[in-house]
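As written, the chains take the letters A, B and C, and residue 1 is the first residue of each chain.
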Amino acid sequence: MAKKETMTINMGPQHPSTHGVLQLVLELDGETVVNAVPHIGFLHRGVEKLAENRSYHRALPLTDRLDYLAPMSNNLGYVLAVEKLLGITDQIPERAKVVRVMMAELTRIKSHLVWLATHALDIGAMTVFLYCFREREDIMDMYEKISGARMTSNYFRVGGLSLDLPEGFEADILKFIDAMPGHLETYEGLLTGNKIWRKRTIGVATISAEDAIDVGLTGPALRASGVDWDLRRDNPYSGYEDYDFEVITRDGCDTFDRYTARLDEMRESCKIIRQAVDKLQPGPIMADVPSVCLPAKQDVTNSIEGLIHHFKIITEGFKPEPGEVYQGIEAPKGELGYYIVSDGSANPFRMKVRPPSFVNLQALPQMIEGKLLADVIAAIGTLDIVLGEIDR
Amino acid sequence: MPEMLSLSNDPVLFLCVMITKILVVFIVVVLIVAYATYAERKIIGRMQTRLGPTMTGPLGLLQPIADGLKLFFKEDIVPAQASKLAFVLAPMMILIPAFITVAVIPFGGDVVVYGYTVPLQIADLNVGILYILAMAGLGVYGIVLAGWASNNKYSLLGGIRSAAQVISYELAAGLSIVAVFMLSETLSLRGIVAAQSGSVLDWYIFSQPLAFGLFVITSLAEINRTPFDLPEAETELVSGFCTEYSSMKYALFFMAEYANMIVVSALIATLFLGGPAGPFSGPINLLLKVFSFMFLFIWIRATFPRVRYDQLMYMGWKVFLPLALLNIVITGAVVVF
Amino acid sequence: MSQAVVTKLNGAFAASVLDVKEHRGEVTVTVKKEEIVAICQFLKDEAGYNFLCDLCGVDYLDQEPRFMVVYNMYNIATKERLRVKVLVTEEGANVDTVSTVWSTANWHERECWDLMGISFNDHPDLRRILMPADWEGHPLRKDYPLQGPDRELYQGRIS
């Protein structure tokens, strides 16, 4: 009687569908996965150690490069954590809070568009990829108008925003929001009713609610398993308590439910952005805390006090009281947490980033055990991981 | 009608005419294969709101020539652990059956040459359909050999998947066209075309819609096109069975895929749409029908996701095969009563 | 509500609780490392902290004890956070694993071992996660050079 042997196959760091440099060592019995071991760390850049050697303001651009598909979310988490550490959360002006919410939701749409594009491409629907990237180009144009960079925006600052919104920005964003539901209908038309798509995603890569909480899954993946938890509603930050939106949950725990949940989340984000644009009032964009906040650019270039102020803050930095904070925000991929320890000096003593994708990836082996090779691809796509934040 | 030209009447003329026919058909098929790659890139590009090739020559029309030249000049890599003979033989074993299948497709009526009738078809076998199915079966060897000879687990998986897929769907495809022979009472393709040559309504697509649908879908699986393109699923198997191939051998694989697409379109046109006997006159009919089916296949590729392996096998054995058998039973009943 | 939890904790594990602090609206409890698994189990079962957000190590180079392992946890039902810190000395740089309480701790502890050098007893699979498997040293420690083990210090100004 021939002995059955398993075949070890390596979905190596370079693979068209591992969303970055992820290495999966799979043990296959025919086409069925017996065991899966993820290997990460190919993109480790030492962001946490670098942050310990820079002042708080200078550590901000490092956060852009964590989840590079949702840069403004990472920025938001960091500035909120530092503001909490300083104790100036109440002094952030209203306009800054509203713009932060607006850009955070726009970033959520951007991240979910890339998720949909790559997930559909992995399963074979090539056209959705290009349609989603077309919408993403519009968002990146808006990023460029507001911050100067398409991807690594570095827009928020400790205490508010770096620059005010440019002229006509509200009109641009409203035009985009008006067109977005139509595009979402197009994607749904191509995918949701398609029998092949449904067969590839219904019942695939399931994880129950208890297992999900135990393994640390957060974000839309957790909400699609039925757990009603969204940090925007439960521990609101930056004025989210004043917005009216629904938290999307589904009961099916499978890939198809995560797909519909994320699409509906995009619709909710459009709603929030519309409310934010209505709320926008003229006003200051930076808190009035001279020891921490950078002065406005006109003051820096036109007055000597502004110049000296700017110089002092950039070279010496600000020194928060010794202490520690943990700030979690609802990033597009899950709970993004920043744990910052201060020892009274100008550099963060310890900055720990709690990346949602790092913890979500832990759920992968139990989602794909006993399933087919093609489901592994669907599972990686549905978890929506990005290696920049896993490896930091 | 003057008598049919054959080896006994006028051997020299017969040989000349035969060689001309072979050359013409071969060149036309190779040209269509080359420009099918261009058409696919342009059409899929337009469907995805982008342009496709535009830079090489006017409207990008010289792109296939540029691709061919590039592949020709690339370094030919044979992996150290691969079985050399099988590695080199595999692309040929896929390409040759694809091309020689075209020999039995009729692409026009009869013409008169120097007083003899010459059919516009290279060889009129009286078991034409059987010959085609046999050649399609030979194509599987090439894929499995390519997968195994590359000494690479991904290629092996791709080759195995393809073998299982093609064998399963060949059954359903073959059975779905049995009903066509029951109506035409001949296996020869010339005879089937003749049986449909009355008017447009005589075409078998109207009397055999189920067989038509089944044959289109199962032949997509035969030629490894989306939604059944698992063997070369780029996002899972990094190009499947042709991962380790480079230069001309890689080009041969893709020529074989498009040649298969042409053959299948021509088959569908011949069996269900009357082949060269159509609204216009001459070979232009067949070409138009072939092009419209190729457009359909390209359109399907741009739209649908890929089916999973076990779902594909389920569909082949538990859905299409019973439907094909059902079709035979119904046709049989209608013919007898 | 966090205060009630802290009171309960004080009641059940009075010997281990060293310090309770509240700063910027967050409660931090410092405990001794011996009973950490029991404490975490208590917090998960009795106090409802069923979600472990984050587990990391902090290196206070000039203090004694040198390391601190920090557990940030969250109660999904009451939406409250709690932080538990454990003191770890340099000589005895090991803590019991809490992956039996929350399985999400698995990879967090691997990262703590990899970057800080704090090992976890009875961990199911303690090996390096971000650095290559044959790397020597623990990069996030304060005495590990920023530029890497065999390079010169960057001469420009970075802060």
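The criterion applied here is as follows: a contact is a pair of C-beta atoms (placed from the backbone, for glycine too) under 8 Å apart; a residue touches a chain by one contact, two chains touch by 3 or more.
Please read all numbers here as calculations on a predicted model, not as lab measurements.
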Most distant chain from chain B, judged by the mean position of its C-alpha atoms: C
Chain whose averaged C-alpha position falls nearest the assembly-wide average: A
Chain A-chain C separation of Cα centroids, rounded to whole Å: 24
For chain A paired with chain B, centre-to-centre distance based on mean C-alpha positions, whole Å: 47
Chain B-chain C separation of Cα centroids, rounded to whole Å: 63
Chain A to chain C touching residues, read off their complex: 40-41, 44, 46, 48-50, 52-55, 58, 84-85, 87, 213-216, 227, 229, 234-235, 317, 323-326, 328, 335, 337, 339, 341, 346-347, 349-350, 352, 354, 358-359, 361-362, 391-392
Of chain B, residues touching chain A in the complex: 44, 47-50, 153-154, 157, 226-227, 229-230, 233-236, 238, 301-311
Sites on chain A touched by chain B in the complex: 7, 9, 15-17, 31, 120-127, 129-131, 134, 190-191, 194, 196-197, 199-200, 372-375, 377
Of chain C, residues touching chain A in the complex: 23-26, 28, 50-54, 56, 58-59, 70, 72, 74, 76, 79, 81, 83, 102-104, 106-108, 115, 128-132, 139-140, 142, 144, 146, 158-159
